[in-house]
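Some structures are shown below for you to check.
Below are two complexes that have subunit A in common, paired first with subunit B and then with subunit C.
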Partner chain A sequence: MATNQMQKPAAGVRLSDESFITVFMVGILVLVFALASLFVPNFSTAKNIFNLVTNNWFVIVLGVGVTLVLITGNFDMSVGGNIALTGVLSVYFVQGVNVSQNTLANGLGLPYVVAIGLALLCAVGVGAINAFFIAKLKVPSIIVTLGTMMLARGAAKVITQGAQRNTSLPDIFGWLGSLSIPGTSIRLPVLVMISLIILAYIFEKKTVFARRIYLIGANPEAARLSGINVAKYLTALYLVSGLLAGITGILLASEYKAGVSSRAMGYEFDALVIALLGGVSINGGFGSVLGMFVGAIILSVVTSAATGLLLSPDWQFTLKAIVTFIAILSQRYALDRRKA
Partner chain B sequence: MKPTENVLEIRNLVKDFPGVRAVDDVSFDIKRNTVHCLVGENGAGKSTLIKILTGVYERTSGQILLNGEEHDPQNPRDAKQKGISTLFQELNVVDQLTVEENLSLGVEETTFGFLRRTDKTNQMVSVMNSIEPSIKPGQLVSTLSVAKKQIVEIARAVAAESNIIIMDEPTAAISESEIARLFTIIRSLRENNVTVIYISHRLDEIFEIGDNVTVMRDGGHIATKPVAEIEDRSELIRMMIGKTVFEHYMPRDDISPDLILQVKNLSNHRLNDISFDVKAGEVVGFYGLVGAGKTELARAIFGADHCDGEILFKGEKLRANPEKSIAAGIALVPEERRTQGLFTILTIRGNVPVMNMSKISRSGFINAAKERTVAQEYVEKLNIATNSIEKEAAKLSGGNQQKVVLSKCLFADADLLMLDEPTRGIDVGAKSEIYSLIRQLSNEGKTIIIFSSELPEIMNICDSIHLLYDGSLKSTLRNGLDVDSEYILHVVTGGD
Partner chain C sequence: MNGVKKQSFQFQLGRSDALRSSIKQVYIYVVLVLIVFVFSVMKLDQVEMFGRGHFLSPDSVINLLRSAVPILTLSGAFTLLMISGYIDLSVGSAMSLSAVVYALMILNGFSFWPALLITLILGVIMGSVNAYLVMNLRITPVIATLVTLSLFKGIALLIVPDGLSAIKGSPDKAMPGWINDYARKEVLFGLPAAFWVAVLVIVAMVIIQRKTILGKYAAAIGGNRIAADLSGISAVKIVWILYILVGLFAAMAGMARASYMSLGDPLSGDGMELDCIIAVLLGGTAFSGGEGSVAKTVIGSLIIICVTIGLMTVIPAYWQVAAKGSVLLIAVVLNHLLVRDTASA
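Entry: the complex of A and B
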């Protein structure tokens, strides 16, 4: 083994393309961060860095599911709508029965734990609808998940009459959203985010399950002929993505003590953008959750720097677009150079 | 300009691909306004020759004279402008457009960006009309049969004033009456100053429609003669296979009588009631021409495509899906290695273990060291030319890619290995390596089924040979010295 290593040092030492892209994007992140620190006062303080990493926990949590689905060569655009639906349902389930003239204050009066369980079940249910159409009926995922995105959002609108539910909630409802590690400002959602990133990292590098996800994305037909049950894997991933959206929805509802039907508008696109920024291939078969995480931080640095520079919020979208373009182009360039 | 007697003169044409000479010093003439047939086994060099004529490939050396002038098309469009149109097996019509739109495709004229109906279009429509009045210009092409789509393409070629139309297996997918109609059209083309180069595996058609025939074999030119001077099919077949003495493989006589695979009444849209048995440890070959149903049969047995009938493997009924087949001990090397066999964007290391992940993992976690060892082991065992197991599969040569696909299937530890066109498009060296590998596997007790459209391949390595024609199993014979290759070609070209 040792002699083997000496003969072919390149084989063992060489980074995989996924790791290479992640390292490359970390380089870009450092660059962007250094620039921002030069021009924006107090940018490189510990507190600000902490905020940069944690403020967008919800997009990152979604990004984990979206990235894994994207690696199979599919999309999940339903996550934003699913957040709204789950949040609204978790409120509706615990609101008291017939407590008010206002219909928006009346719910099912279920215990908190039951309400959360049911809401999560609905979130996974949205994933199950996705899985049924995509894995079983082979409908293109972009179509199906745009459909369920509107289905979930639509249900949330109906339940809240197009607005939100925030009254007659038991005190315990806000508990999850405000929970934090004693003596620190690390809240539960951030913990969820960090544990997911670590778990996903181990999962995608080490497990047979994850390896098969990459195989499906790289060549679905060859995967099938190699004995991989493609439908089973797609189904599992859409259920996971639905579950993660559900968890996000419940945490956000708890934090704001409200179920808002317009919550998380456009988050599905944000999750997709950070995955692409992190080097995940839109054609599938390539990318990593860690890369997505780096992509998220880059976007967060840029947005935050723009605010710091007192750039009008109207410009933020344009700025995001420019950074996304530059980052993705340079990434393609670097990868092509490396492969040539 | 006085028209030359020969519309095309091919002189010492050579085309080399890496490791293989596909067209080897070919010279012959094609007479003006004739139907000139081109025959030969798969791999004889017909398609390569056609692709040089139509500007798809660049020749290595030699000369082509078109109407007495040097012909060196840079691309298919260029060839078309010089008067050579081609009807490929995969028809080049757009289903979602109307007949008229298809006819004017590529030659549209516009006013302010809007399509304009021009004299050219009108002329095309009238050509169309004279060939086949039942096709209406406003009809969507998707509503036409394959035969009528062909006619639309012919009309387009005629309207483009092509004086040579090449037809590649035009009758492969159309019915008897449509064939008759096509032949009428071909004859009228000939009377209207068009030379037709006709490629077909169906030898009877050569006698029916051809004026002259050129036979090719192993890239070389064997003969060009008037069809009238050829006695019968068997003379043609003799020319196609030549006096080549196949390196006959002596079938093993120690094969156990135990049946490992029993296929009963297998049918689907391409297969017609196929039944056969395979003994454990046997090497079985399925031979047939393109479109005979070899790939369909392989996929049906493997469970990749739907089929009716019963398949027993080791006495137990197979569940029709690849996952279950692999678990039962069957592996398939698919026909198209790049799209069906290989994960091209992954490394060799990533490809080799995919059909048997449990062997390199424990409770769902991959043992990376084991994975590398396995990949390294197969790179050495199959002599895959690469400097590292981390090389992307896309960057390997065809032969090495095929070896990676084979590694994948070998690692699956299957008892029955099915190989669909195992040596297609790979160089001679890799080919013989794969043959010796197959023999070695057979000696180790594996059962192997080979699906191939190359007869020497089948005769080289198989114990028994099944002949397929048009989705049916026509004949089964035992390999050996007495195997009559003429008889085989007779059967697979549709003879009784």
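Entry: the complex of A and C
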């Protein structure tokens, strides 16, 4: 009963606030896209639209975990470092033993499947460290996850001696990243992205677990008093977020056939930005994965339009900041108007 | 401020609390001494005690204190802000932007004082932006300052011309040599003006925290925002002032960094927010605010600088990130063990 109080459809016609914001952001997306098509040549071609949706699959995959964590009112800033760590580890585990003088070419020589399993385990391990500090010790998540971000990226740097590992890899290593549906250009990572969005959507709307996450975000104290084991839910979400970062790391490493320690710099910020663009609020257990997806496409339209208008890449930080502020403020304005 | 009162209260609670309280009082000094000791005895087979290349040789100590200037300048105000329960993650980018703007002005013929003044005004503006977003538009501090982190960094990158990595002298336009004077030229005991300014800032911040209304109100707001509001404290005004102070000293730190490196690097402040958070946590300031000490943050800052510089001589550079991450998590654990219960008491 408590789980449903957040978004009660009043008369069936009225949308929930979350759907309203998603629709609102779809409107903004259409507007931004129309503007971009007017000013940037070849913007509204089918191929470009396809690229806009699929090119940022990694941020969207991360965004699923980050959004769910954010709905509980917590952050996960460790995902970028986690990607680097998992990618580097998956390479290190499969590299041959004692094949070269160069230490960066030598690894553990494990079979690929075992290597992936172990790397994913490490990614979940980072999530577990987060969960321990946040759920058990009650430390603010921003501080903990910034720490584990450095820890994970630092470990990646140590393993690669500050650079990357890309030699003496078995052929099978690139298989996952280049796998695609025969005859189309839809690659495995994109399929992962799409299925995650669908899964997350069903999870969010249909399971008690998800509704409790919203309650935790809306009022942790009330959630605790109504018998929800908050620590358990937070732990589960951080493990999932770590796992998703791990999957992303492995796919990226496989795609580039290299474990690079500086991979995914700033992705944690991008994942946060798209969640905010999609209307996720950290104040009140509010938001949806679908909204995050719309946010991701808005960001991708804006950044690629900026590139199309020949703005230098230095613009991206400023642009993301401005877009985020506008999104936060316009969403709040829209919600306030709606309630009034 | 209420340290004494809280301490006497602690003694009534029983021995374990009294013990914890006294550990809390001294542990940070012990940690600092331990770290200095470890780095001093390391490599003693290669260098002699206090000799050239030793961790405690005069050269090395002066170098260490010079590199500590930015964090020493900044961490005091940062502590006050965290005591009031707010946070500013944009300090690193604010530093970078100030460094770039300062270097740009010097390169284009400004003299020292006008350049300094404009940089400080920039700092006040950046602090005001954060304050406005957090206090007036009521955006969560972490989100608001993360986004301004991106904003300030973006502007700094935009100011630096395409193809260059920093604002620096070129053959046709040399950077004036005196840009170094502020952060490198000896003034007293072999240390530059920037260091003594940082010391003054720290003294001022300690006084503000312990002796002025601003410090007491900051603690009151961090302790219980609603109670503070009800007792007539204007939280909005106080936190505005604190954000402006943080912005101001971030600009000052950025300018010191630019002067030290004689260039304006748009990435020079990266990670400063984490250093500040580590220093503050080591110094025993409660996560949620309400309690803390500027003086101990200064010791925390020295610990970070010792670890950074000391490790640089012992292990390869690519260990730095992992080392700092571990220090942060250790600081979190120490802080949890020593602070949390007393804060709730």
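Keep in mind that, in the parts below, the second predicted complex is superposed on the first by the 329 of 340 C-alpha atoms of A that agree within 3 Å, B and C clash if a C-alpha of one lies under 4 Å from a C-alpha of the other, contacts with A are read in each partner's own complex, and residues count from 1 in each chain.
Here, a residue touches a chain if its C-beta (ideal position, glycine included) is under 8 Å from a C-beta of that chain, and two chains touch if they have at least 3 such contacts.
Just so it is clear, the structure is predicted and the values come from calculations on it, not from any experiment.
Touch criterion met: A:Arg153 reaches subunit C, while subunit B stays clear of it. When both complexes are overlaid on chain A, the residue A:Val208 reaches subunit B alone and has no touch with subunit C.
Contact with neither subunit B nor subunit C is seen for A:Trp175 once the two complexes are overlaid on the shared chain.
Shared-chain residue A:Tyr333: touches no atom of subunit B or subunit C. Once chain A of one complex is fitted onto chain A of the other, the partner contacts of A:Asn219 are limited to subunit B, with no touch recorded for subunit C.
More residues of subunit A are touched by C (comparison of subunit B with subunit C).
Residue contacts after overlaying the shared chain place A:Ile228 against subunit B, while subunit C stays out of touching range. The part of subunit C that touches subunit A in the complex is made up of residues 87, 89, 133, 137, 139-140, 142-143, 146-148, 150-151, 153-155, 157-158, 160, 162, 274, 277, 281, 287-288, 316-326, 328-329, 332-333, 336, 340. In the complex of the two chains, the subunit A residues touching subunit C come out as 75, 129, 133, 137-140, 142-144, 146-155, 157-158, 160-162, 261, 269, 272-273, 276, 282-283, 312, 314-322, 324-325, 328-329.
The residues of subunit A lying in touch with subunit B in their complex are 4, 8, 10-12, 14, 16, 206-209, 211-212, 214-215, 218-219, 221-229, 285-286, 339. Across the interface of their complex, subunit A is touched by residues 302, 304, 321-323, 325-327, 332, 334, 339-346, 350, 354-355, 357-358, 361, 364-366, 372, 376, 387-390, 392, 408, 412 of subunit B.
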